[in-house]
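Below, chain A partners chain B and then partners chain C, in two separate complexes.
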Partner chain A sequence: MDVVIFRRKLRNGLIFFALVVGAVFMLFPFLWMLFVSLKKTGHGFLLDFAFAKPFFANFKAVWNNPSFPFSRFFLNSLIVATSGAFLTALFCSMGGYVFAKKDFYLKELVFWMMLATLMVPGMMYMVPQFAIVTKLGWINTYKGMIIPHVANVFGLFLLRQHMETIPNSLLDSAKIDGASEWQIFRTIIVPLSLPVITTVFLLTFLFQWTNFLWQLVVNTPDSAKLTLPVGLALFKGQYSTEWTKLMAASAFSIIPIAVLFIAAQRFFIEGLTAGAVKE
Partner chain B sequence: MIENRKLRATVTSYLFLAPFLLVFLLFLAWPVIYSFYLSLHKVCWSTDLYNVFSDMKLVWFQNYKQLFKDSHFWWSLIVTAYYALLTIPATIFLGLMLAILLNNKLPGVSLFRSAYFLPNVLDILVVGIIWTFIYSPHYGILQKIFNLLGIQTFAREGILANPRTALPGIAIAMVLRGAGFGMILFLASIQNIPKSVYEAAEIDGAGPWQKLLYVTIPLVKPIILFLVVMGTIASLNAFTEIYAMTQDGGPFAVHFMGEIQGATKLSGYYLFEKWSQMKYGYAAAISYVLLAITLVISIVNARLLRRKQ
Partner chain C sequence: MAEVVLNNVSKIYPGGVIGCKDINLHIKDKEFCVLVGPSGCGKSTTLRVIAGLEEITSGELKIGDTVVNNIPAKDRDIAMVFQNYALYPHMKVRENLAFGLKLRKYPPAEIEKRIQETAKILEIDHLLDRRPKALSGGQRQRVALGRAIVRKPKVFLFDEPLSNLDAKLRVQMRVEIKKLHARLQITSIYVTHDQVEAMTMGDKIVVMKDGFIQQIDDPIKIYEKPLTKFVAGFIGSPAMNFISVKITSRNGNFEASEVPSGFVYMLKSEDFPFLRDYDGKEVVMGIRPEDIKDTIFANIKDAENTVPAVVEAEEPMGSENYIHLTTQSSAITMKTAGSNRVKMGDRLNLVFDRNKLHFFDRETDRKIE
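Coming up: the complex of A and B.
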């Protein structure tokens, strides 16, 4: 009997060890980034503990860099991600509501058109969307970065799926009480769908925050609206050897998302894996 | 009366749908057609550069003909397939292993779960830059570890400047970033497998490997298939990691169809390159061919799924 218990303990110990090794491997790049970002200039490659003085000197230097103002990039990223997420969550909720609860002309056609665009790989939209944004004169604007991505078909489907489960009797009784369509949406649909709306909001925030290609395409390098990833790419072009500063700049992009993820993990994981569960 | 009610519902519905639909039509539906229109045109010497998209020359299918003969394009498809081959099986394998390890009652399991998933939500560009630093020649941390082990193969150029190792190096970074996604899906599915199935296998004398091979893997097959499709599409879309980790499509690798080709110039990157050279018509043609490839993959996948059911 003791042998059995011993073997189980040994097995669990080995599994635990394997899990730790796995976590070290997968998180090492980020821990290394944080470590190097705190080091003295020129010590990026050295395996020592020569930290910068003051401790956050690299962060401060990058934040206030005159030609690459990361404070500005950060603000831009925040504006683009927040307003993009807000508009997406709003538009998708409104659309999801009518797809879940209304019967209207051409519903099927619109639905299939939306489904079809889900098949189109994102990369292929680059050229035509760039052409449209150029024609609209939206280059170097927040609009140009935000608007083309607020019609999130996946988000609409996710919300529709949830809103279908809201009982019709609730809506009917509100109607009898004289509520307008907008009131029904505001006071019944939105509160009852809040977890899914939050998921869509957070996923869009994440998408906009980390979207590099599109923000590179709609901004010229001298734009005042550069976001963190684009600013970082330009910064790397100029200061490719100043790794301590480069890592501090990277941390500005990574830390907010990591914090957000830890705080709202459930929403992220549910939303990101929702596409697979359908299969 | 019913007609009247549906008409009224239609008006309200489209009022609610209007903001979404407007953006959808302009930025998602119309571009599919517009892109084809652009692919039949070309920016030429007479094009007004301040009004490029209204002043391109109609050349019919010349872009497609040229594309068909373009060695760089064919090469980009080969490298894309190679990248898919490097990333997809490794991501699936690692995800499955992590899920199996996590499917034990151990302290801190949920903490590990979060730790493995976390890299998934982080910026690909930033992850790429961090890895470039880790891979640095001579002084990079990885080279220091290699020095301890006596490996000098990568010392001079570093992993990313060597045509043989550049793409695998990028793939390793992306596999470690992406494995947590598969892990979550596998874990959910493994936890749904009834204990009795494993017990029955044990009675039949199955060891842990046999249980993995004959019970777990067949039951998570739909997820494997899903990850293969997602991975293929991700490879066709791959751009940011290439941009972050190598310059201009990587170190020159081989002669192919009479020209020297970049080791990491994937289709997505090639498309971007043509865009940045203002060859908009040509880039649109590349997009269309990539779209066709994606559709074929989706259809094959749908067939495979249906056969299973």
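Coming up: the complex of A and C.
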């Protein structure tokens, strides 16, 4: 009996140890970023404990630097990521509803053709998209950064798959209760798909928040609409890089994502596992 | 309050699949009409056509005095109870009940009054602040009923509402729905595949098969005078026995000889004059299990017209006993008193109640009269 308990404890201990190692491995870059962001200028890559004075000097310097409008970048990123994620979640929900619950000519073919576009690398679209955005005069605008990425086939696929599991009788019932198509969408479909919609919102937010290349392409260096990833790149000078300030700015940049994920963690996990089991 | 009239209503799906065809049905005001039939017979399609959830391919549908062919479901003033309850899972019971009223812009005080009234009738007033997942099957069904009655519609539609409940609760809810109908006096159309539900609940029964109506009548007439072999076999439990026989005229009467071989049963020509046209032909003879007696149990002395059969199995139900027998070419089920017990292999001499014999044409399956 004792041997059995010992073995169980040993097994649990080993699992716990493996998880701790995994967690440290995953957390190390974050901890290193925080560590460096608190150090004195020039000590970024030195294994010492020469911290900046005052302690949060790098953070203060980043936020209040007149030649480097960090708060502006932050706000731009927030606008682009939030509105991009909101519009994507909205359109994917509406599209998902139509593909899941409505019948129209060539529905399946259209859907699978859209899905097939996922196999084409995103970079392939960059040149034609840039040409269109330029033609529309959307360079250095929020529109140019947001709209080309609002159509999200993966989000559409995720929502369609989820919405197909919503029983048709609920929609029939709402119809008989007197609901219009829009009311059915707003009062039945959206609340029942909220975990998956949240997932699409978070994934899109994350994508837009960290999107560097497209936002570099559609902004000129003097643009007032530069976002954080592009702004952070400005820290990397031609001859030197202020690592301590770069890390402080990076630490700032992960705050919204961390807050969003912690707040919506439950929905996010529900969304990713939705439909995995029959309830 | 309203009557529902279907004139030659058909629903044909793309590819020519028949949902329902040439449905002619007149459901009177306050009537409880049951559509019954096996899966795929078109009963649910007919109900969905009436609800406005399926477009009519051809024909005319009237609710009250209005032709509603082109009126959307929400404007037909009907309410529907679904098999899987279709309660909105993200709303509390109160919100489920209020949903339809809110959409129709009823004042909040009126909504609250109706919710309270409905909750009282269905005894769900203590459940108003719960979500559907916190309710049992029976409670969910009550809420689904509540959502229908709270609107005080012209017509109630029920789509197999008791199928998901266990047997005991089903019987209980059956009675409750009947009581509710008696109290509210609203025209109701009820779809089920369960012939017991149909028999016990309907003022009028519509038996359907393959998208067509087989017979419309009150429950007792349907049971006693089925117009087709299908209706005769579908209504009644255990089902009616069917025996293939050949009719031969002999000495002014008829002989019904089991086909291909077996017993010979004598039929007086004055009782069955309609068999004259079938002299020399095969027909299907039908007899309900309760209309078969045994010479021993029925204490019939010197019965001259009996059918010998061997016991294959029995199903003692307590108050009654179902005995499964075989003749030379047919299987027969007999319903007798619970105290009449038999053993496998026993030989019985069966006596048919001649007044309860049915004959069906082999080709058309229609009753020979």
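As a working rule, the second predicted complex is superposed on the first by the 218 of 279 C-alpha atoms of A that agree within 3 Å, B and C clash if a C-alpha of one lies under 4 Å from a C-alpha of the other, contacts with A are read in each partner's own complex, and residues count from 1 in each chain.
What we mean here is this: a residue touches a chain if its C-beta (ideal position, glycine included) is under 8 Å from a C-beta of that chain, and two chains touch if they have at least 3 such contacts.
Source: prediction; values computed, not measured.
Asks: In the three-chain superposition, say which chain, chain B or chain C, touches more residues of chain A.
Replies: For chain A, the partner with the higher number of touched residues is B.
Asks: Would you sort A:Leu170 into first (chain B), second (chain C), both or neither based on which partner it touches?
Replies: Touch status of A:Leu170: second partner only.
Asks: In the superposed arrangement, which partner chain does A:Phe261 touch: chain B (first), chain C (second), both, or neither?
Replies: It touches chain B, and chain C stays clear.
Asks: Just chain B (first), just chain C (second), both, or neither: which does A:Ala179 touch?
Replies: Second partner only.
Asks: I'd like to know which partner A:Leu75 touches here: chain B for first, chain C for second, both or neither.
Replies: After superposition on chain A, A:Leu75 lies in contact with neither partner.
Asks: If we overlay the two complexes on their shared chain A, which of chain B and chain C does A:Gly122 touch? Say first, second, both or neither.
Replies: In the superposition, A:Gly122 contacts chain B only.
Asks: Counting only touches as set out at the top, which of chain B and chain C does A:Leu192 meet: first, second, both, neither?
Replies: second
Asks: Once the shared chain is lined up, is A:Ile139 touching chain B (first), chain C (second), both, or neither of them?
Replies: neither
Asks: Which residues would you name on chain A as touching chain B in one complex and chain C in the other?
Replies: none
Asks: Please name which positions on chain C make contact with chain A in the complex.
Replies: It is residues 48, 51-53, 72-74, 78-80, 82-84, 86, 88-90, 99-100, 103-104, 147, 151 of chain C that touch chain A.
Asks: Flag every residue of chain A that touches chain C in the complex, lowest number first.
Replies: Checking each residue of chain A against chain C gives 167, 169-170, 172-180, 183, 187-188, 191-192.
Asks: Would you mind writing out the residues of chain B in touch with chain A in their complex?
Replies: Counting only chain B, the residues touching chain A are 6-7, 9-10, 12-14, 16-17, 19-21, 23-24, 26-32, 34-35, 38, 52-54, 98, 101-102, 104, 106-108, 112, 114-127, 129-131, 133-134, 136, 139-141, 144, 173, 176-177, 179-181, 184-185, 188, 222-223, 226, 233, 236-237, 239-240, 243-244, 268, 271-272, 275, 280, 283-284, 287-288, 290-291, 294-295, 298, 305.
Asks: Give the list of chain A residues in touch with chain B in this complex.
Replies: 12, 15-16, 18-19, 22-23, 25-27, 29-30, 32-33, 36, 44-45, 47, 90-92, 94-95, 97-98, 102-105, 107, 110, 113-114, 117, 119-132, 134-135, 147-151, 153, 156, 181, 185, 206, 209-210, 212-213, 217, 228-229, 232-233, 236, 243, 246-247, 250, 253-254, 257-258, 261-262, 265, 268-269, 272-273, 276, 279
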